[in-house]
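One chain, chain A, links the two complexes that follow: it is found with chain B in the first and with chain C in the second.
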Partner chain A sequence: MLTIEEVKNKLSNRFKSAIIHFDHPLRSRLFVDIDKARVREISNEIVRMGGRYLVSIGYDNIARDKTLGLIHTFSLDRDDLFVCLRSAVPAEDPVLDSITPDIPNAGWSEREYMDLLGMKFTGHPKPKRLILSDDWPEGIYPLRKEVPWNLMPPPAENVAYQLDECPEGCTVVPVGPFHPTLHEPAHFAVFVDGETIKGCDYRGFMVHRGIEKLCQTQVTYNEIPFIAERICGICGSVHATSYSQSVELASGLKISRRAEFIRTIMLEIERVHSHLLWLGVAGHLIGFDTVFMQAWRVRESIMWFSEKLTGNRKTYGMIVVGGVRRDITPELKDELAGVLKTIEKELMTIKNAIIGDTAIHRRTKGVGCITNEEARLWSLVGPVARARGIDIDVRRDHPYAAYDEVQFDVPVLDSCDVWATVVVRILETFESIKIIRQALDKMPDGPIMTEFAEDIQPLRHAISAVEAPRGEVVHYLITGEENRPERWRVRAPTYPNLQGVPLMLLNDQFADLPIIIGSIDPCFSCTDRVVKVDVGSGKAIRLTGRELEQISRAKLNAGR
Partner chain B sequence: MWLTSKIKQVLLVLKPGVVTLKYPFEPHPVPKNFRGQPVWDHHKCIGCGGCAAHCPARTILVRDLCQDLRVMMYDGSRCTYCGRCADVCPESAITMSEQYELATNDKNDITLSMELFMLTCQRCGRCYNREKTNMIDKMGLKGFRYDNLELRAVIQKATEHFDEKMLEESDRHQRPRKIGE
Partner chain C sequence: MTVMGLVVIAGVLAAVISCAAFLVWFERRLLAFFQERYGPNRVGPFGVFQVVADIIKLFFKEDWVPPFSDRAVFVIAPVFVVASVLMSFAVISFAPGICAADLDVGLLFFLAMSSLGVYSIVLGGWASNNKYSLLGALRGAAQMITYEVFMGISLMGVVIMADSFNLKKIVEAQEHLWFCVPQFLGFAIFFIAGVAEARRIPFDLPEAESELVAGYHSEFSSMKFGMFFLGEYLGVTLISSLIVVFFFGGWLGPAFLPPIAWFLIKTFFFIIVFILMRGSLPRPRYDQLMGYGWKVLLPLALLNLFVTGAVVLVWQN
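Let's look at the complex of A and B:
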């Protein structure tokens, strides 16, 4: 166990003048201003202390002191501590050392700020375009304050993303952007040798909605929870809670205990329905539609309950800054207990059916393997990490809402394959049911909303993490003037997990690709949320239906 | 082993039977607190514009055609049914109805427009809270607003006194265009 003082001492003893300033508004949050020249060394030191890389946050500070800021955030899971390393680079020459060679998971974050803020990272192994569309003009960095939120550059023809070099002797199989197994647009170029996958390149970020820029320029603190909720169609409350918590932390607002309990219940309801949904989808991906139908049938009862409680099946709109919007009445409490009972019973039957089915074992055991060390190196999160023997769970490690008052187990398996993710998710659903029951019992009376006593001070930093069904969601907030955030960064769980997918695919069979990608419960739209981008580039030849038919028939006949 | 597990699965499927609802052919009632299409009660509305200022999707527009006439328009095509407008309404003039079958070819089917006659305050033109220091809040509270109803665009400007120039300007409002078009 390291305390905040020990971390501070270690850093200042080792790096002396490179550490400019410490700031710790809370026992569990440490913000360190550091010299930009030693970012890589200090990051490595935090990792050596047991830090797990979360995400980097870049922001435009040109109007204040002509710099661009970059914050690397780490979580010390055993010590309930978040460490944020803040550095700044002059806007004319925004060059920083890349931390990606040591922490591969930082690769996307750094590429993001190459695109959005025009930063440069020396030593980055793959400095390619990540976020912006291929026809976005050079030199316009959308996250800089000078660029208006509704800027629409003209589309360009004849530009296309350059895929990675295909290894010798391999063939490229394109999966996506639209593909039946993906549900959302993302492009995987899979390099295969026969049926074996030898590598893959990912081009995603096709559904940007410019949410962060929008919220930093157009709306106010109170409206953002509703927009945050729509980042993800499945785990909406998670984003709303995480955002609201970060505002509350930044402003020092303490919300009522009852509101915290209701938030906990909403989060767990979401986990139950999300895991059941995933179980159905996973069954469908491997061609086992019985599981798909039955899991979704069981899920329906909790959706109907949510409709009664919040007024909608999904996008509950329950969580706002300062508390929640609707109270759980005694009648609803009884009904929820009943719903949980049926779900528990029915899920047990489905679980037995899955465990007894040899087809599922054959399709998932030994598939999508990566070792514990690799998963740790790539900072995977959520059930994907817990299936690889990494014992992390934000609910237990950094308790928020009412999780400090409920008891639950964190299922961890070490068979490192897709089968383990299935089992972890089923076990977690039972744990969720346990948590909701305890929360219903212990929920105290009281108000559900707490009003702000004063305005939120500008330029306060806050970080908040919430355990979503897919992993951990991290929101970083810098408060601003005019009643809206200066910078709001969202990291969805798919963001780190998707970076580990090429490694999971390596040396597996091509037929297992859908279930391996499916096993991280990918949510591409959550990952692609940063900046407004117009998609649609590359040259396309339009064919009429008749032309297509003629070509197809000609090919068919030629093959005969 | 294989056969027994398959038999078990058949039983698993048979037990619940058919659960599919006959929905389009039989109506499906919604629960009491359902958040359907918001409806305005023009008898209660005082035209404060609080709903417009708090709408996260910016679907409620306010336009003052002259000193005495305020038009409030709700454009359901972008509504997210969060119910924030109903929450903030000081007169409870907005209710979230049970209507959810809103798919349509014509935007006007789900558009609601109200013309409200406003009185002029003898002291200040129209009343607003002078103690607000925050610009965004102030913008929402100032007396006169000029959203463009034809384009359904929010004009982020408001004035203390009715301004015919602003009205004309907002009439000519254009959506942002792609550079080079």
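Let's look at the complex of A and C:
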């Protein structure tokens, strides 16, 4: 166990003048201002202390001191501590050392700020465009404040993403942007030798809609939870909770205990139905539709309950800054207990059927293997990491909401393959049921909303992580003026996990591709949408049904 | 050819095709039953006219030939699949006297026709000029050639025992004991090979929708797709009726039902087994399937042939 003081001492002894300032508003959050020249060394030191890289946050600070900011965030899981290394580079020459050679998972974050802020990273192994569309003009960096939120540069012809070079003797098989395996648009160019996969390049971010830029310029603090919820169609409450917690941390708002319990219950309801959904999809991906139908049938009862509780099957709109919007009445409490009982019973049947099915074993055991060390190096999260023997779970390591008051196990397996992810997810579903039951029992009475004053001091930093069904979600918030964030960065769990997929695919069969990609429970839209303006952005936000129809008709007529 | 002969041919053709059409509905309802949902139940009583609606829809879909395809081959490929399966039905004895062509080499004729069926897959996949289709076609070729080898061998035990390649004589030879008892291994192997031959789950690798979109027939639309679709269900019917002929005594059964009824009941039983398999097994991987074929089923089929041959030889002496 390292305390915050020990981390501070270690850093200041080793790096002395490179450490400019420490800030720790809470016992579990450490913000360090560092010299930009030593970013790479200090990051490595944090990793040596047991830090796990989360995400980087870039922001525009030009108006204040003509710099661009970059924050690398790390989680020290054993010590319940988040360490954020803040550095600044002059805006006219925004060059920094890349940390990607040591921490491969930072690759995307850094590419993101090449695209969006015009930063440059020396030593980056793959400085290609990541987020912006291929026809976005060079030199417009949409996350800079001078760029308006609704800018739509004219589309360009004849531009295309250049794929990585195909290994000799291999053929490129495109998977996506539209493919039965992928339920959202993303493009994997798979290099195959016969049916053996020898590599893969990824071009995603096709539904990037600039949510962050929108929220930094157009709306106010307590409108964002509803937008945050729409980041993910499955784990919406996770994003709303994580965002709300970050605002609460930044403003020092303490919400009522009952609200925290209801948040916990909502998060676990989402985990139950998300894991059931995944189980069905996984069955479908290996050509076993009966699993798909049964898992989704079982899932249906909790969807009905959610509708009763919140008014919606999904996108509940329950969680806002300061608490939750609806209470769990005694009748609903009883009903939920009944629903859980049915699900537990039916899931047990499905579990026994799956565990005993040798045909499923043959399709999932020894498939999509990466070692524990590789998974650690690539900072994988969630069930994908837990299936590789990495014992992390934000609910236990950095407790939030009411997780400090419930008991649960974190299933960890070390067979490192797709099978382990199946087992981990099934076991987690049982744990979730356990958590909901405890939460229902222990939930105290009290108000569900705490008044939120809405005038937070600007430029406070806050980081909040929530364990989504797919892994941890990280929200980083810098408070701003005019009652809205200066910077809000969302990292969905698929963001790190997707970067590990090429490694999992290597030397496996093409037929295993669906289940390997499926095993991370990919949520491409969450991953994509996190950042900002895209050609589609203005359209996506403002289009009404009628407008869409008009455009379609105009196109149809033009075609004739 | 007699008038009676023509009537039989027309009757078999009509019966077989309507059976395949019926199967489309039947399978969807039955799968839905296994998976605790409803299945098509809106068009007509119990949704039986769903098939009619589907066929009308298929007819009116745009019949698209991709500009990058090899046009002639693309058009001819779907014909092969239906034609080859329908030809196989010619040699089946449904009941005494109901047989389109009572060939003495009936069994060999069936094997020859099922080999022809591979062409539709390879040609369809190749002519589509699409990577998914090509992968599907190559898988299809490898899978069907592999499984044909021991499909043939697994039937040789039956031929030795019946002393004939004629399907009618094979049925008659089962008067006292159905071949599924002495030839149980042969039956099991033929059944597995038959599923592979009909390209059904769990052996639908040439199609493998989750990775290959629709495999060899990704590019086909309208009735060209309809042909592949029909071919699949005809294949299921064919393999089921052949299992009945070779191993379950064909039309033989207690006299309170006419022979043709016995034949139909038995065939439908196996069709249901086919559907049940689809509902209860995932798709194995391509390399696992090939390994299973060459390393397990082929040696077993050979063993079955040698043991049967030896036993029959000893018996006759």
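We adopt the following convention: the second predicted complex is superposed on the first by the 527 of 560 C-alpha atoms of A that agree within 3 Å, B and C clash if a C-alpha of one lies under 4 Å from a C-alpha of the other, contacts with A are read in each partner's own complex, and residues count from 1 in each chain.
Just so it is clear, a contact is a pair of C-beta atoms (placed from the backbone, for glycine too) under 8 Å apart; a residue touches a chain by one contact, two chains touch by 3 or more.
For clarity, every value in this text was computed on a predicted model and none was experimentally measured.
Touch criterion not met for A:R489: it reaches neither chain B nor chain C. Legend: residue contacts after superposition of the two complexes on their common chain; A:H275 is shown touching neither chain B nor chain C. With both structures placed on the common chain, the touch criterion links A:H239 to neither chain B nor chain C. Once chain A of one complex is fitted onto chain A of the other, the partner contacts of A:H187 are absent, as it touches neither chain B nor chain C. Within the superposed three-chain model, A:R52 lies out of touch with both chain B and chain C [touch as defined at top]. Contact comparison for chain A: of chain B and chain C, B touches the greater number of residues. By the touch criterion stated above, A:L151 is placed in contact with chain B alone, chain C being left untouched.
Shared-chain residue A:H179: touches chain C; no touch with chain B. Once chain A of one complex is fitted onto chain A of the other, the partner contacts of A:H475 are absent, as it touches neither chain B nor chain C.
Within the superposed three-chain model, A:E195 lies in touch with chain C and out of touch with chain B [touch as defined at top]. Residue overlap on chain A between its contacts with chain B in one complex and with chain C in the other: 290, 293-294, 297, 357. Residue ranges on chain B touching chain A, taken from their complex, read 1-2, 4-5, 8-9, 12-13, 16, 19, 30-35, 54-57, 80-84, 87, 96, 134-137, 176-181.
Chain C contributes residues 31, 34-37, 131-132, 135, 201-202, 204-205, 208-211, 213, 279-288 to its touches with chain A in the complex. Taken in their complex, chain A has these residues touching chain C: 171, 173-174, 179-181, 195, 283-291, 293-294, 297, 357, 359-360, 362-363, 509-514.
Interface residues of chain A facing chain B in the complex, by the touch rule stated above, are 148, 150-155, 219-220, 222-224, 226-227, 230, 290, 293-294, 297, 300, 304, 307-312, 315, 317, 325-326, 349-350, 352-353, 356-358, 455, 482-484.
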